[in-house]
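Just below sit the structures, each encoded as structure tokens.
Presented sequentially are two complexes of subunit A, the first with subunit B as partner and the second with subunit C.
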Partner chain A sequence: MTRKIDEVAEIFRGIIGPEWVITERVYMESYLRDETPDVSRPPAAENLILLKPSSTGEVSEILKAANEMRIPVFPVGGRTGLVGGCIPTEDGIILSLERMNRIDVDEENLMATAEAGATLADLIGAADEAGLFFPLHPGDEGAQIGGLISTNAGGVRAVKYGVMRNYVKGLEVVLATGDVLNLGGPLIKNNMGYDLMDLIIGSEGTLCVITRAVIKLYPKSGCSVTLILPYDDRSDAIRTVPSILRSGVIPLAIEYVEIKELNKAAEHIGDEWPVQSGKAQLIIILSGRSEDEVYSACEVISEVAEENNAGEPIIAETRDEQERILRIRSNIYTALKAEMVDILDITVPMSRLGDLMNSIDETSRKYGVYLPVYGHAGDGNLHIHLMKEGGEVPENIGEVKREIYDAGVRLGGVITGEHGIGHLRIGELDRFISDKELSLMREIKRIFDPNNILNPGKIFPRG
Partner chain B sequence: MTRKIDEVAEIFRGIIGPEWVITERVYMESYLRDETPDVSRPPAAENLILLKPSSTGEVSEILKAANEMRIPVFPVGGRTGLVGGCIPTEDGIILSLERMNRIDVDEENLMATAEAGATLADLIGAADEAGLFFPLHPGDEGAQIGGLISTNAGGVRAVKYGVMRNYVKGLEVVLATGDVLNLGGPLIKNNMGYDLMDLIIGSEGTLCVITRAVIKLYPKSGCSVTLILPYDDRSDAIRTVPSILRSGVIPLAIEYVEIKELNKAAEHIGDEWPVQSGKAQLIIILSGRSEDEVYSACEVISEVAEENNAGEPIIAETRDEQERILRIRSNIYTALKAEMVDILDITVPMSRLGDLMNSIDETSRKYGVYLPVYGHAGDGNLHIHLMKEGGEVPENIGEVKREIYDAGVRLGGVITGEHGIGHLRIGELDRFISDKELSLMREIKRIFDPNNILNPGKIFPRG
Partner chain C sequence: MGDQLGIIVLIKQVPDIEKVRFDFETGRLDRSSAEAVINPFDLNALEAAVQIKEAVGATVTAISMGPKAAESALRDAIARGADRGILLTDTRFAGADTLATSYALSSAIRRLSSFDLVICGEKTIDGDTAQVGPEVAEFLGIPHVAYVEEILEADKKRIIVKSRMGRNYYVLALRLPGLITVTKDVNAPRLPTLRDKIRSRRAEITVWDADSLSEVADTRLFGVSGSPTTVARVYAPHAEKRKGMIFRGNPEEAAEKIVGVLKDLRVVG
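Right, the complex of A and B next:
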């Protein structure tokens, strides 16, 4: 910022009131980081102002003023990202919409209208209270609606109903100029010109600030069970996945996990993983309207599993049991985090998942590094963890990462299916998409944000 | 075209071979129209060349040459559109990809790779042969993949799995410059920067030419039935729809129809509509993995229908019976077409469908015009037909149309949920979306197609 912080802060105090303009570093510490492992996360800039507006009108005035002064604006959500996408890497404004957290459920249309600062937990709760269900579960429930949409979040329950993009039917957004756009609505079909809404979903805060969204909900399922299928041989587990999907059963989630990491995660939270047979396992969540429907699907899966050499399946039926399984599964990341350098989210065609794993094994042997993997097998989406060795970041980590990226792309995949480009993957985008595609993206950025004030230095390199 | 047709044709003969360059009008008659009612369809231009390339490379060379010569290019598919979107309204090139019609089914990933010139019938057949299913059915099976994607087609079976956008996972497209882009792939998750693919879906041939697509397929359903629910009171029928969806049953299709038009359609094809009780009817298609699943869903629907005062439901179980019902339903449009001026496709939140119908009744009374309606009730998508009176286009047709559009938008909807803007709705776009949104769309058009050679005069007014 060329202007003095005090001068700028004064302008914003006039817009949103002095108590919502924070300039003291001590009160903004938690806004300077996300869930990216410490050693990979970019540092926050020195001169920052944290703003907490209460309305779309205030967001509009803030952006208009920032745009006129050419001050960078870093929109943040729940700061649960894994690629440093919301870190304020330049002097400027941190924009938190946490006060804008209202959710209205429209029971008749099975939709929710949620302000961007509402959390995933808020949305799950509001849907539940209205007798409805928001199926997607991209990890940390502290994630906010604005962030979930900006990053097109995925997670464990994307097999049946898709990723965040598939849920968003309407958006209210504020452009860098302060103009407010209303796109879509509680509609299933909409062909009014170009689909700006889908262009904005996944644009990581670089095109506009999302202030509100219309989100599709589903009826609560009458019955849900979680199956654990143990395998001695990983390739048998992987081969099971497309066979399940071809059977006509569409589970809510199909997760691939390995016993070593499950036991670590269980230990980390003082629990025990219930299935100790089989080093590779599939966790399958089934939901349906009735017990009959779900148990008949269980039978189909058990048959497919048996054909693919699975051990005896374990079925968790009570809510407590199912939640325990998911809790342990969700804590693999936490258990590994202290020793983690980076977590990748390569996505390949489902049928190439086994090839990707074999390739990662080779890389692991070649460089002598521990590369724990698990992931959303039903989506072809694998999380590969780059770990410290003896508490230190291995010297060859760059080569290891590059080799894994290259394998993913060689197998017809992409280097990020969930986490996005953010800050950590910036240098990679031009390796894996064509110059022409990148130049179209850059021109779109210029149209939306000609002064490059919105989350600068993310997705594209600065300048 | 400022150059002489012969001179231009010669250039293209060099690219794709003389037999695929058609300059005689008599051989291009069927390429000069789509399914838009005669009285509303814009006339084709006088000086046209029809090109039929056989590969993406040839499409690329054609576009490059056309772009250099600033010659308009009108990409056509199966010419089944209803808003004149593919009519070559200026002197230039008609580009038909009908020779590019290869389809490869990837059974393991439940995806098909289809060239743009393959028809909907080809895709349905290829999926079926591989033991898989393409659920969407946007009417005429002569529609081509490129057109289905360019218009983000919808139709009767969008309730369970969504519209065309939800099926497309990858695209190969050619830009006006001849550059070829490969976007996405057989992937369920992909967050590699801005989503150009979704921006292109529904862009009606104005941004680039789609040459190939990766399309998601589903397993064949083990069982399918079609229910007809008769109602004396239209509002009871409409009220049934959200109640079904809240029950947890998700049918493939929920259609609203009226007995008068059904009888006309049946007569038109020499058949009889099987249910003569109830002037308003819902047609519901259910599919599932097993008979148990489908019949249990039937029971739920019958209960909901009874609560909403439906008469005795009729269940069609055999394939023949179900096809007969759909055939009659699909012929409403054909039966009305000769007397039709325009067919609208207003889409509102599902809960406002009854209000939209009431409003249309008022308009009908006010202007003394017959306005038959039917539509995809599960999507809030209603087809309203503007009809001739005594064989003539009514004088007040513009006012009638405007009043219906206004009602749709007032109820939270859009003026087109399916057919798109094309040529017929150009003058309306700026009435219903903001200047800022329209200007972003125009700038995107300029980025992709700086010389405005691709389908000029569609979506936006020329110049």
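Right, the complex of A and C next:
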């Protein structure tokens, strides 16, 4: 910032009130990091102001002023990302919409209108309160709506209803100029020109600031169960996945996990993983209108599992037991994090998942590194962890990563299915998309944000 | 039953306590507002029975008293290792306090030809009295040990258990037939296999009404008419939300204000 912080802060105090303009570093520490492993996370810049507006009008005035002064703005949500996407890497403004957290549920249209600062937990709760259901579960429930949309979040329950993009029906956004746009709405069909809303979903805060969204909800399922299928041989587990989907049963989630990491995760939170048989396991969440419907799907899965050499499947039926399974599964990342260098999220066509795993095994052997994997098998989305060795980042980590990326793309996949490019994957984007695509993307960014004030240095390199 | 132990597990279907709504006007739980599950402590009781069955051989009978819908809890018990389920259901059992409940359950146990060991959870999460287990033992005239947190040995003649009493524990040998109530520390209940769960959905549940117990019990002592106590009023604590206060001014003044507030709240002396 060429202007002095005090001078700039004074302008914003006039817009949102003095108590919501924070300049002391000690009060913004938690806004300077996300969930990216420590050794890979970019450092935050030195001169930063944290702003917490309470309305779209205030966001608009902030962006207008920032744009005029050419001050970078880093929109942040729950800071649960894994690629440094919200880290304020340059002097500028951290924009947190945490005070904008209202949620209104429209029961008749099965939609919620949520402000960007509402958390995933708030949305799940509001839907539940109205007798409805928000199926997606991208992990940390402290994630905020704005972030979920900016990153097009995925997670464990995407098999049946899709990722965040499939839920967003309308957006209110503020452009860098301060203009407010309302896109989409609670409509099933809308063909009026280019779909700007879909362009903004997944744009990682680089095109505009999302302030409000209309989000699709579903009726609560009458019955839900979680199955655990143990396998001695990983390839049998992987083969089971397309067989299940071909059978006509569409679960909410199909997760591939390995016993070693599950035990670590359970220990990390003082629990025990309930199924100790089988090196590899599938966790399957099924839901339906009635118990009969769900159990008839269970019978189909039981047959498919047997055909594919699964051990004895286990079932969790009560809310408590199902939440326990999901809690342990969700803590694999936190359990491994201290020893982790990076977490990759390669996505390949579902049928190539086995090939991807074999290729990762080969890389692991070739470089002598431990590469724990788990993932959303029903989506072909695999998380591969690059780990420290003896507390240090291995020297060959760049080659290992590159080899895994190359394998993913060779198998018809992409280098990221969920986490996005953020800061960490910038160097890779141009290796895997054509120059023409990259230049179209850059042009779009330039049209939306000509002064490059919105989350600069993310997705594309600075400059 | 021959040499095998005959084990009876008493289970109760309760509402999922984290989800159930409370009607402040009537002082009752709105049981339709949440999924019905087996009382969590009873799952420990069932697991204890199944572990004994696996170790020394036993037949495990689950008994519950409740509405017809409680059959699903007994089916769940079968999926988790019980061999059969018996449901006491009749409007004449309804409105029972712990004494009438214990009387009905002990009468059902009496009707069974023989048994060696009765296992209960230490209490139910919707009543929280911990009275039914010991009262059943008294009605049956058998010894009991409550708050069992470890089962050390079990055979046809006796069971040796570790019972927690506050900060102390006792290791006790209980002559059978006898009754124990178990805490959640006694074991980690396993999840049922999918195969057993599917099979249990078709399992036959034995249903007994008040008259089926008339040979072993005075049916007038069931339900409301057998209950010397009634619940006069139920209070539910209103959930307090976390509150925050912002203190302004220079650090010394703010610190003084904070100390003042903490003193008023008697957090500091």
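Here is the rule we use: the second predicted complex is superposed on the first by the 463 of 463 C-alpha atoms of A that agree within 3 Å, B and C clash if a C-alpha of one lies under 4 Å from a C-alpha of the other, contacts with A are read in each partner's own complex, and residues count from 1 in each chain.
Keep in mind that, in the parts below, a residue touches a chain if its C-beta (ideal position, glycine included) is under 8 Å from a C-beta of that chain, and two chains touch if they have at least 3 such contacts.
For clarity, every value in this text was computed on a predicted model and none was experimentally measured.
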Have a look at where A:190 lands relative to subunit B and subunit C in the superposition and call it first, second, both or neither.
first
Is A:302 touching anything from subunit B or subunit C once the two structures are fitted on A? First, second, both or neither.
second
Of subunit B and subunit C, which one touches more of subunit A's residues?
B
Which superposed partner A:181 touches (first subunit B, second subunit C, both, neither):
first
Between subunit B (first) and subunit C (second), which does A:45 come into contact with in this model arrangement: first, second, both, or neither?
neither
Have a look at where A:369 lands relative to subunit B and subunit C in the superposition and call it first, second, both or neither.
neither
Between subunit B and subunit C, whom does A:314 touch in the aligned arrangement: first, second, both, or neither?
second
Where does A:162 make contact in the superposed view: on subunit B (first), on subunit C (second), on both, or on neither?
first
What is the contact status of A:246 with respect to subunit B (first) and subunit C (second): first, second, both, or neither?
first
Can you give me the overlap between the subunit B contact set and the subunit C contact set on subunit A?
none
Spell out the part of subunit A that touches subunit C in their complex, as residue ranges.
19, 227-228, 272, 274-275, 295, 298-299, 301-302, 312-321
List of subunit B residues in touch with subunit A within their complex:
106-111, 131, 151-152, 154, 158-159, 162-163, 165-166, 175, 179, 181-183, 185-196, 198-199, 201-203, 207, 219-222, 242, 245-249, 289-290, 292-293, 296-297, 300, 347-351, 376, 378-381, 412-421, 429, 432-434, 436-438, 440-441, 443-445, 447-448, 459
Residues of subunit C that touch subunit A when the two form their complex
16, 18-19, 35, 37, 40, 76, 188, 190-195, 197-198, 201, 246
